[in-house]
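In what comes next, chain A is part of two complexes: it sits with chain B in the first one and with chain C in the second one.
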Partner chain A sequence: MANKFDIQVRAENKYAVLETAGYLNDALGEDLSKKAQELIQKGYTQLVINLEQTALINSIGISILIEIIEALDERDGTLNFCGLSATQERTFRMMAIAKYAGIFPDEKTAIANF
Partner chain B sequence: MANTVLKDQVSLTIPMDRDMELVAAKTGSVLAELNHFNEDQTEEIQLAIIETCINAFEHSQSEDRQVFIKYIVKADELECKITDHGVGFTPEDQHNSIANRQQIHSDMRKRGWGLEITMTLMDEFYIESGENGTTVSFIKRMAS
Partner chain C sequence: MHLSSAEETIQRLIFSLSELEQLGQTLISGHSNFKVSSKTYLRITLGTLQVRRGAILCYHETDNYLSIAASTPEIDDTQLDIEPDEVGCLLESSSVELDTPPEDLQNFINRNSKLLIDNSMHRLWVPLKIHDEFLGILCLGEFLGRAKLEEWEQELLTILAHQISIAIAYSRNEERIQSEKFRLFMLAESAPQICQLLQPEDAAEQVVHQAVALLDSNVGALMLIQANQPNLELHYAFPPDILVSDDTEHDPEKKFIISMEDGDESDPKTSQQMLVNVVKEGRTGQCPAKMDSLFGGRTLMAGPIQGRDGDVLGVLAVGDKEERGGRIAEYTFEDETLLDSFAKQAGVAIENAHLHQEALEARQLQAEMEEARKIQENLIPETLPEIPGYEVAGHYEPRGPVGGDYFDCIELPAGGWGLAIADVSGKGMQAALLMATLRAGLISELSSATISEGSELDDMKNELIDMAMTLNSLLYVSGTEEKYATFFYSHLCPETDTLTSLNGGHNPPLIVKNSGDIVWLGDEVGGLPLGMFPNDMVPLIAKYEAEQTKLESGDLVIFYTDGVTETVNIDDEFYDDERLEQVAKSCSEIDASQICERVYRSVMDFQGNADQFDDLTLLVLRKQ
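Here is the complex of A and B:
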């Protein structure tokens, strides 16, 4: 069974947005991490990950998100999340992600808060 | 993959293969929706099932490479019993596994969250583990 997933990347002048669709497990997480690392290598240190089209995230997927937070930390960068469900936000707060990354209701607010 | 329905109980067996936890989660989701759990609670049930199945996939070392799931539907709650025939584990095993992992921020560890997430999201949570395997049971009650 293949998990259908997709990542759209939109790089602007000072920030970039990564929009995921599908189950955020190890496979989608690694793909997302690769795209985030490419952006970081290009000098983007303000990233938004929009999870609106991702209904389910497992803890392996979240562990990969933590690696992206750590990679941005090393460059004094910022990661803001948006589009989380109530359960996803609760899980992110439990795992202390909310201390090291922003959580916002929508993309516009996430971008405005860099 | 076998699936049987016995009145208010559904039994499902999944192989320990990529994304098979989604099959278990979707089954739980359908049962939760049929029993009028709200959207947030249904997502919580799915996540608890996913995390428990992944733990079995990753840590059970089961020879049959299968996970057995029972969904027990009652008037205002859904109970899941997730069993593997692996080597079992102790709380010390889990503690050591977490303690040995490296992380930049000590409160933002990367792995070892599955049981904690499940315990937090569910209303009741039990583990029975021994040399013949592990059964994780949890109950979600409908929001009043």
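Here is the complex of A and C:
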């Protein structure tokens, strides 16, 4: 697992992509939440979170992802995830995240499914 | 349009009720995160009661502080410390007028006056609670156009505060359930995942990663007991550079080590000692903040890693448990139980990976041994040449792991015969290759040898010494410090019946004279094993020397390796020189091949059922 913590944001016309790198814990999660909130405030309601470079997520990271889903839900927005490992995908389904957000293998498919 | 007071009140009530109904729906729909809904609750409260400024503060019991969930105007996330008696005072109050606060709250107000008064949230506070559980404070600033709330507004405020309390409690319960669900799922998911990893390094990495995530920690490490050493050795740390010592900082190849011998077990003053105690006692332990010198003075918890049979293999440590908001928290009893369960699974996974690795290495070693054996057997001559006037015979018996015995009898271009026997130290491929090197060097040297029957004795001796130095140099550069060869070489001139010999640290061959007397060949001349020291050091320790012996009809020379004299029987006795002498003396009437067979049988009879680990080699020369 890379020990590099980073979030890259790429805002397009109708959607924005947030790419995380490193352990999704409180620190990285809060940063992700802040950047997602900024995008939502700017009017972006279609977000993709690419977790390809994030091998590990703790329970705080999960709760932050749920918050982002709820914040988007308030604006009738959509959140799609991509780049999940098999374990992460099973976790997301078990935690009911998959009920409120899309899960796709790659960024291209996640964007195409808004 | 001008609304009457009654109409305005009704409109405010309708607004409030419709918003609350909507929030209630949200609450039961599963979208109940208070961090998201708190802003809406505050907006409804301030709007309904016509208050411009306010905040909802949430209480965090584990660390006794209040955080700002929502505020108008927005205030940066700040933590307000609160004492237990101040919480008790708030629990007893339905509301607090800040003009006339209870005495027990005065300190709290003074401590936080800048934040609260600067932001005009000092008019009225309503404690948020459910039964005896304190959840936070709803802070309100000045009321618009009036000095105090009307009675119906106060009743509405009580309802709103209660709704907010329910929302906080519901959100926290949801968080707890989600967190526990996540942990249980991770625990169930991680076991089969890590058990599939067959490389010990991969297993160590995954174990630490899973433990860190499972326990909401920020650091972790796996340390295992070193083989045959009372030390804990770091196998993986997250982040990788979290555990460094003066040694490991300067040499990345060195591993971080904790000695298990130092320190006072009954007084675990340091995190190192706590880890050692976890291993020795075989149960999970914690190290309070400020005692942890490993991870930088934060919280640390560790559990023993046990194998299938319950032996403690090492310790799995996690540290720096985080809470929402970045605060570092103490580990709870539930955390200890969880780490304990996970460490049990991790132990099996790590043991599996190590056993797999050992099995692989054993297979590789076995394959290498077989290859080495083939090399070695190819170097041993299948037949020996016929020497006019002499009989010569050899026997090689591999026993146990591949050793490095060698013997040969070579006809020299300049005349005469070279008889050599050697025993290379060590075993396996390295020994076989060193033996091949020695044989190649010897053949090369003998092919250019100039000694012949007419040579002067000193010239013959010097040539043998030069050959020994060349072979010593060759083996020294080819092997490691532990790799060397004992070597005995005799140059036979059948025309003169002389045997000129040089000993490189080998067992002196035995001569049984036709008179029955025993002579040990080369016993008096020195010489180090080949390849043990560089050439420039050899003369300083024990230079090579050569000697010449005259052979007579019926004389018998037995060259052998230590596999003969060091053969042990079931009583752990050595075969020894005396038994060799005895059997050799009984061979006066038989030829070289029969002598070889008789000596070999004698050794085998002596050995009985005792296990042997060294090869047995014999080279017999008999003057007819």
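Couple of notes before you dig in:
The criterion applied here is as follows: the second predicted complex is superposed on the first by the 110 of 114 C-alpha atoms of A that agree within 3 Å, B and C clash if a C-alpha of one lies under 4 Å from a C-alpha of the other, contacts with A are read in each partner's own complex, and residues count from 1 in each chain.
Definition applied: a contact is a pair of C-beta atoms (placed from the backbone, for glycine too) under 8 Å apart; a residue touches a chain by one contact, two chains touch by 3 or more.
Predicted model only: the values in this text are computed from it and were never measured.
Following the overlay on chain A, a clash is recorded for the pair chain B and chain C.
Once chain A of one complex is fitted onto chain A of the other, the partner contacts of A:56 extend to both chain B and chain C.
When both complexes are overlaid on chain A, the residue A:25 reaches chain B and chain C alike.
By the document's definition of touching, of the two partners only chain B reaches A:85; chain C does not. In the superposed model, A:70 makes contact with both chain B and chain C. Overlap of the chain B and chain C contact sets on chain A: residues 1, 3, 23, 25, 27, 55-60, 62-63, 66-67, 70, 73, 87, 90-91, 94-96. Chain contact summary for the complex, chain C toward chain A: residues 30-31, 33, 35-36, 175, 178-179, 181-183, 185-186, 189, 193, 205, 209, 212-214, 216-218, 238-240, 322-326.
Every residue of chain A that touches chain B in the complex is listed here, in rising order: 1-3, 23, 25, 27, 55-60, 62-63, 66-67, 69-70, 73, 85-87, 90-91, 94-97, 99-100.
Across the interface of their complex, chain C is touched by residues 1, 3, 23, 25-27, 30, 55-60, 62-63, 66-67, 70-71, 73-74, 87, 90-91, 94-96 of chain A. Looking at the complex, you find that chain B touches chain A at residues 17-23, 25, 40, 43-44, 46-47, 50-51, 54, 103-105, 107-111, 113-114, 116-117, 120-121.
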